[in-house]
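By written order: A, B, C, D and E. Residues from 1 in each chain.
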Amino acid sequence: MIGELVVSLFILVGATFALIGSIGLVRLPDFYTRLHGPTKATTLGVGALLLASVIYFSALREGLSLHEALITLFLFMTAPVSAHLLVRAGLHHRVESRSRAPAEDHGHPDPEAPI
Amino acid sequence: MSGRAEASTKSGFKLFPHPVLTVVLVIVWLLLVNSIHPRMIVLGLGFGIAIPLFTRRFWPDHPRICRVGVLVRFVPVFIWDVVIANLQVAWLIVNFRRELRPTWVVVPLDITDPYAITTLANVISLTPGTVSSELGPGRRTLLVHSMDVDDPQALVDRIKRRYEAPLKEIFEC
Amino acid sequence: MTLLLIVLLPLVGALLPAWFIRWGRNQSALAAGVVTGTAFALLLSLSSSVFAGEVPRADWTWMSSIGLSLAFMADGLGYLFAFLILGIGLLVVLYARYYLSEKDPMGRFYAYLLLFMGAMLGVVLADNLIVLLVFWELTSLTSFLLIGYWKHLPEGRQGARMALVVTGGGGLAMLAGFILLGNIAGTYQLSEILQMGEVIQAHDLYAPMLVLVLIGAFTKSAQFPFHFWLPHAMAAPTPVSAYLHSATMVKAGVFLLARLFPALSGTELWFFLVTGAGAATLLFAAYVALTKHDLKGLLAYSTVSHLGMITVLFGIGTAAAAVVGIFHIMNHAAFKASLFMNAGIVDHETGTRDIRRLSGLWAAMPITGVLAIIAAAAMAGVPLFNGFLSKEMFFEQAWALEYQFVEGVPWLLPAIVTLAALFSVAYSIRLVWSVFFGPQAEDLPKPPHDPPFGMLLPVGILAALCIVVGIVPVLVAGPMLAVAATATIGIAPPEYSLTLWHGFNIPLLMTALAFVGGIVAYWKRWAIIGLHEGPLPFPEAKRIFDGTIDRLAAFSHGTTAALENGSLQRYLALLVGAAVVAMGWPFLTGSWSAGPGPGTPLDGMSLVVWAILVGAAVATAALHRRRILALVVVSVVGLMLALAFVHLSAPDLALTQLSVEVVTVVLLLLALHLLPKEGPSEDSIGRKARDVGLAVAAGCAVTAMAWVILTNPVDTISGFHLAESYPGGGGTNVVNVILVDFRGFDTFGEIIVLAIAGLGIYAMIDALGVPDRWKIGSPDDEVRYPLLLTVITRLLLPLALLVSMYLFLRGHNQPGGGFIAGLVTAVALILQYVASGIGWTTDRFVRDYHGAIALGVLAAGATGLGAWLFGYPFLTGWFDYFELPIIGEFELASAVLFDIGVYLTVVAGVLLMLVNMGKIRNASAAAPDAADGEG
Amino acid sequence: MLTFALTFGFTAMGLAMLLNIVRLVKGPDTVDRVTALDTLYINTIAVLMLVGIRIGSDIFFEAALLIAMMGFVGTVALAKHIRRGSIIE
Amino acid sequence: MDFLVMEMLVATGVGAMAGAGVYLVLRARTYSVILGLALLGYAANTFLFASGRLSVGLAPVISDDALAYPDPLPQALVLTAIVIGFAMIAFAVVLMLRAHADLGTDHVDGPGGAGR
């Protein structure tokens, strides 16, 4: 019973976060801020749901079942990289940014890539 | 990174090209098959040895983790920050009235080890409203985009203090 | 057996003369003669039984399903014709040996002749409509070769073309008729069809069938209005004319009338069609013949006219008439063949065939003259010659007629007949008198003299026959006529007397009239000729024919040009349209309809997925010109599809779909780099509207079809697979077991397809000029190989490999398997290429994908062969369980080895494709970063 | 309780996916669209987890794992293409 | 008969993919045609899969506590079909590239095709 409660809780939390992430994706003003939605809220949201699944199968079903943790690990490794690459692409494309420029210029944001 | 965290605790024998990797693989395997039946352990060990041998050449310089203790202390901090970060971002998103102050900040880097830099970048991206956007020339700076900042310098300092320092200890010695 | 030999001998033997010609003309002719003679001998060996009233048969069932059997029979009729074909054939072979000049390629001539002979024999001996038809068309083809034998003569070629078109076209009509007939009778076996005359004639389709068949017969026998090709076929060498256009091929038509006589004849329709056409031909051709100046032209028209006479006889439809018809066939063959050869001799010796130039040859070539007179007399129907008998009997029949063309004028047909006879007398006289008597011709190209004996012999034999039959018909022709007639009319023929003198009666009167009138007509011939060379010429058949042909050609050119403008777009549109119609039809006609359906309940998530999927699909179509965007949208479709598969309990499909999806995206991105990023907007509104219409129609049709299928109850064979999977295949994942075990052979074929595609791609790209060694980008080139990506992918690679191993190993029992594992591995490695570049990765990885592919296919194949070694059929699965310390029980299945093959092939194939496409860019981009500006 | 949570979860995730599509359609830049696609992939994993919990079977685990992998690869490829044109160089 | 069932979703989904595929295949540029091929491939696969009828929440994996199984045969066929379809598309893509390189245009009718 407790287990079910916990599972439900995690589901609620996870779903909420995932939803908020997607809302952010739609609502936030410019590309660079939008990017924060997926990279954070979604990862945690999904993380929570995966945790829910782990608990569900471990507690309410037979035997320990941790393999959803792999997906979390995977997401935590990849999501930042995706974001990173997307920002780079955006910068390269001169996607308009509402953000304040860096204090002092260290060659950012990337000018014509010197290759 | 958590996988490698657990892995580091058991780093021992040197007769494998990447002992850490081997251990990680065995653990991942056991997670995959979702059982600790001896058969699976043997199988996992088999892969744990075979795959590193196969991918040996993809690892010109394998990561060295010296200060395990620091890592152990770092992980919970990181996870906590992630949760906080999510709450903050969530709040920023759902709070319609609040005006965002997105900012680009440049973080000068002291660490040079590629694995360290990567870890740092990932950590930054996963924690409070920041996304690590671009490595500067010569990997001496890291361009970070933050969602809502009032004092950029404070952010830079926080990143260097809270994440870069421990990572430097962990990876570079 | 003998029958088959008789038919096959000439067909096969046709090679001999063509081969023997290298040793000389005599040898070639001899070979042809021997072949023909042997066939003739074989035929004669049958005569005893045939005359005894038996019917030798030979039957090889071929395609019983469509009632097609290679069946031959030699009843009296067939025997008679075979006799004519081979007998006269023998004479023609001999004659042609002397007729053909040094220059003519004799080997080819005899080859064609024998081919024709075989075809003709096939026609007359066939016991199956289809077989008959095949040989029928074969005669048209071979006659085409023979008529066009003299390639240098344009009229030869044109004549051949005309003959082929007319007779071939008639053959097609006849095919239709035969199929109808076969359906009416329920069989294609002739001997059976002949038994069911009244059934056939009672059938509704009798009329159309009859017309079609008759068209075939009339075209072949040059009956009005299809007569015109025969005179033009006279461009052929005279032996050919003598053989084809008097004795054999043109007789095929009347043979058909005789052959089908019991089945078709006796109705009023038959009478009007056949007799009508015959009568018209008879009179018209006889009249024209008189006006021809060319010996062979004259003979050609007289042939047409005599064929008309035979047709009339069969048209009358009474048994007695049919008997006369048969009789005249024999007689005509005899005298007309000899006349043709005679004309050939004259042509050969004097160098011309123009009656106006020829005159008084008697002095120079008396023997020829005598033979000519005999044959001509027979043709004219002079008493004591065979022609007289058949003509008397013909008059008799024409007089005693049961039907009448025009009510109240019973004398119409007799009048026509007499008139025709009159003209035939006239042209016969002209043929002899104008050529052999009168003043000596001066300006002949060659000094005339009698030909060599070899040329005279055949003519002589035939002429002799004319006389002998004419005087003692009963002895010579009696028996054969009897059996032939019996066979034709199916019953014992009525009483008829082959005697010279029937006393004074109407026929005799008609004959007398014919002779008197004939002489007058000959005397006044120039008036008639002048009439047609001046004020009212005959319609020029050739011009009309050519005009028709040209208009046809122009029409077809027009249609082709209208349909095919070389635009694949249009063709595809037409195809799709046709497909849509074909798909939609069953619904409109209501032959397909929705069933009750299990009605799987809905849930909100499915609705969302469905909405996204449909929306994305439509969006792809709408956004296709913005290419990257379109690609993104397509991958949405793919993702949703994978979700759907998961939800609809097909995990394996979901896994495959996901992996393939990504690989496809990478592939298209690679391609997109080399193509314009934006498609031009070039489609006209009309084109768009048309395609949208097509698309919507197709979509609706497919939807309807799927709906019908889904809602109708299923009857699956999967029960077996489900039951056998574990006990028989040693796996619990039925899909995988089906792939690697039950249907292993399909999978084997499939990985081969994949391998071939990979190699094909490699070949195509290779031709684009890819350098096999390219520069290695430095690992810290941040722009090309971002550090984060590089590091993370290196961390991911082992994990991904582990995952793929996991998917592979459990594939047999849980979702997974060789395909999916292979795709995952491939993707993981591709990721390395993307992150660290081709150079870096290739330095650290197997380069020889071809080898890997081969290895994979071999491994899979070896599994199959292994099954052979143990005496099982190819790719029979084997598995067993083993006990090991620590590990415990585990399974070994040959399927696993097979799966390894699949795995290897997939990995290597995918890598081969993608990596090589990556290379193109490096090859094509001369400037290191042509790409940088765009993207 | 659990059922309610699941219903809520499904509704939320469905909404989330639709929102992703909205961003994917609106753009305005290709990078926005790719981001949307990436998010869609991640949300799909969540959905799979929910389905798994509902029917009480972890048969969807592999699918989820693969979506995580493939989503990443796809995003990387698209981003690299936008940034560099050629993705394998 | 009730139309708000899973079957209708699948049917319409297949229809939509097929329709879009047809439209794309009829476009003038090879790239669009290949997208169309992909969509048509999806449609065909789903259609084939549907011929085994729909079943929700099952798996074609033999187990003791499974009450029913989906029809595995269409699944096996479709699995093969997916991979073959990929091979086909890959080949078509390279063909397109080759045509573009050799003819200098990506119009399906080659140079001058734009005219028609």
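In this section, a residue touches a chain if its C-beta (ideal position, glycine included) is under 8 Å from a C-beta of that chain, and two chains touch if they have at least 3 such contacts.
Small disclaimer: the values here were computed from a predicted structure and weren't measured.
Across the two interfaces under comparison, B-C and C-E, the one joined by more C-beta contacts turns out to be C-E.
Ranked by how close its C-alpha mean sits to the mean of all protein C-alpha atoms, the top chain is E. Compared with chain A, the chain whose C-alpha mean position is the greatest distance off is C.
With centres defined as mean CA coordinates, chain C is found 68 Å away from chain A.
Between the CA-based centres of chain A and chain D the separation comes to 11 Å, rounded to the whole angstrom. Chain E has its Cα centroid 40 Å from the Cα centroid of chain B. Separation between the centroids of chain D and chain E, computed from CA atoms only, is 21 Å. Within chain D, the positions touching two or more other chains are listed as 13, 17, 30, 34, 58-59, 65, 69, 76, 80, 82-83.
Each of residues 607, 631, 647, 651, 672, 783-784, 786, 788-789, 792, 795-796, 799, 803, 814-815, 917, 932, 935 in chain C touches at least two other chains.
Within chain B, contacts with two or more other chains are made by residues 28, 32-34, 121-122, 132, 137.
The residues of chain D lying in touch with chain A in their complex are 1-2, 4-6, 8-9, 12-13, 15-17, 19-20, 22-23, 26, 29-32, 34-36, 38-39, 42-43, 45-46, 49-50, 52-53, 56, 58, 61, 64-65, 68-69, 72, 75-76, 79-80, 82-83. Within the complex formed with chain C, the residues of chain A that make contact are 74, 77-78, 80-81, 84-85, 88, 92, 112-115. Contacts from chain C toward chain D in the complex involve residues 603-605, 607-609, 611-612, 615-616, 619, 628-629, 631-633, 635-636, 639, 642-643, 646-647, 651, 654-655, 658-659, 661-662, 665-666, 669-670, 672-673, 777, 783-784, 789, 796, 800, 803, 807, 814-816, 820, 824, 827-828, 830-831, 833-835, 837-838, 914-915, 917-918, 921-922, 925, 930-932, 934-935.
By the touch criterion given at the top, residues 4, 21, 24-25, 28-29, 32-33, 37-39, 42-43, 47, 51-52, 54-55, 57-60, 114-115, 117-118, 121-122, 132, 135, 137, 139 of chain B touch chain C in their complex.
Within the complex formed with chain A, the residues of chain B that make contact are 1-3, 28, 31-35, 82-83, 85-86, 89-90, 92-94, 96, 100-106, 108, 121-122, 124-126, 129, 131-134, 136-137, 140-141, 143, 145, 147, 152-153.
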